[in-house]
Amino acid sequence: MPYVNIRVTRENGTPTAEQKAELIKGATELLVRVLGKNPATTVVVIDEVDTDNWGVGGETVTRRRRQGK
Amino acid sequence: MPYVNIRVTRENGTPTAEQKAELIKGATELLVRVLGKNPATTVVVIDEVDTDNWGVGGETVTRRRRQGK
Amino acid sequence: MPYVNIRVTRENGTPTAEQKAELIKGATELLVRVLGKNPATTVVVIDEVDTDNWGVGGETVTRRRRQGK
Amino acid sequence: MPYVNIRVTRENGTPTAEQKAELIKGATELLVRVLGKNPATTVVVIDEVDTDNWGVGGETVTRRRRQGK
Amino acid sequence: MPYVNIRVTRENGTPTAEQKAELIKGATELLVRVLGKNPATTVVVIDEVDTDNWGVGGETVTRRRRQGK
Amino acid sequence: MPYVNIRVTRENGTPTAEQKAELIKGATELLVRVLGKNPATTVVVIDEVDTDNWGVGGETVTRRRRQGK
């Protein structure tokens, strides 16, 4: 019954549906491999966050990207 | 001041506005009944998650629904 | 596969084990009743938070309790 | 490496892009000032929540706003 | 700057320090492999939850384990 | 009714009770200043995370600190 929450910025069309499926598969396999958890009850939820809503270094990612960071 | 976060997939038009109101009412009543909390400061937040973004058993819910799971 | 996270302060020995069991039971029943979810895959997680770590009105709950709030 | 998650309702066009940038700046400065954290690895994420999805006092914020609360 | 939160029950001495290090390593590699994220700014946080505080099927994990589930 | 969750590692006795009170005060003031929110219903919750449970760059903070990072 592990719960894994993956939060990433939504940028340039990513994460795509395929990438999200891959993240879910990989995160589940990780919990199975390391802790022997039951994949059938392992929940993975991906949150895609707008770059205006994600900050690092006191700046929005929108602004950082404009500055080539 | 309890904080309750309910995360569900967004599927077939659910949860509707009425259902969300019912979840908020029910969750608040639960905290009042069991812990005697003050409803006026009980916060309930519902997150609706796309089925591409929710995984169980290593698969997206989108894929599981296509397979009738 | 709903995920419900209930965050409450830990005060005066509450929530007790019985209260936590009651919260889990009640939250699961709510998701079943309102959204028809499968209880077997409904996850409820309770976080107990120290009163030094919970703030309302700009003050810790520890301080508010000392002031009879 | 602090992680700060700010959850607010989305109402009347707020929070604007400028307000979100201000929240990110302010939250980062707070962690630097109080705990001496490195701003370069301080992550701030803002979640904007629909008023149908946010409840206080057992009611949705949508309903409370209609009642002038 | 992805943020990954892994929530698991604390049972029988697990997760051990080594397992937690393995989860952190694996989750970071997953974000690098699938989304090309920078490992240096990928944050992984593991929450260990008491079995009294985790519910599935309307029951605490403590109770389920006693019943051999 | 904003909800602010601040997650930091627990290291060398920090954050102290005074620092936590300062974080709560500062985060509340930030929401009042920027969004005009009501401090009386602004909730701030601080999670202190063990350095074995926090990873950056694929490593636990425990390991990074041993390496002087």
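For reference, chains read A, B, C, D, E and F in written order, and residue numbers begin at 1 within each chain.
By our rule, a residue touches a chain if its C-beta (ideal position, glycine included) is under 8 Å from a C-beta of that chain, and two chains touch if they have at least 3 such contacts.
Remember, predicted model here, so these are calculated numbers, not experimental data.
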Fewest hops from chain B to chain C - one hop per pair of touching chains
1
Farthest from chain A in C-alpha centre terms, which chain would that be?
C
Pick same or different for copies chain B and chain D, depending on whether their interface residues overlap by over half.
different
Comparing centres built from CA atoms, which chain ends up most distant from chain F?
B
More contacts between chains, C-E or A-C
C-E
Rounded to a whole Å, what is the gap between the Cα centroids of chain B and chain E?
21
Chain A to chain E, mean C-alpha position gap in Å, rounds to 15
If I count partner chains per residue in chain D, which residues reach a count of at least 2?
1, 3, 7, 23, 27, 41, 43, 45, 54, 56
Pairs of chains in contact (touch as defined earlier), listed by label:
A-B, A-C, A-D, A-E, B-C, B-D, B-F, C-E, C-F, D-E, D-F, E-F
What residues of chain E sit close enough to touch chain A in their complex?
1-9, 14-15, 19, 22-23, 26-27, 30-31, 33-35, 37, 41, 54, 56, 61
Spell out the residues on chain E that touch chain C in their complex, using ranges where they run on.
7, 49, 52-60, 62-63
Touching residues of chain A toward chain B in the complex: what are they?
17, 20-21, 23-25, 27-29, 39-48
Looking at the complex, which residues from chain B come into contact with chain F?
1, 3, 41, 43, 45
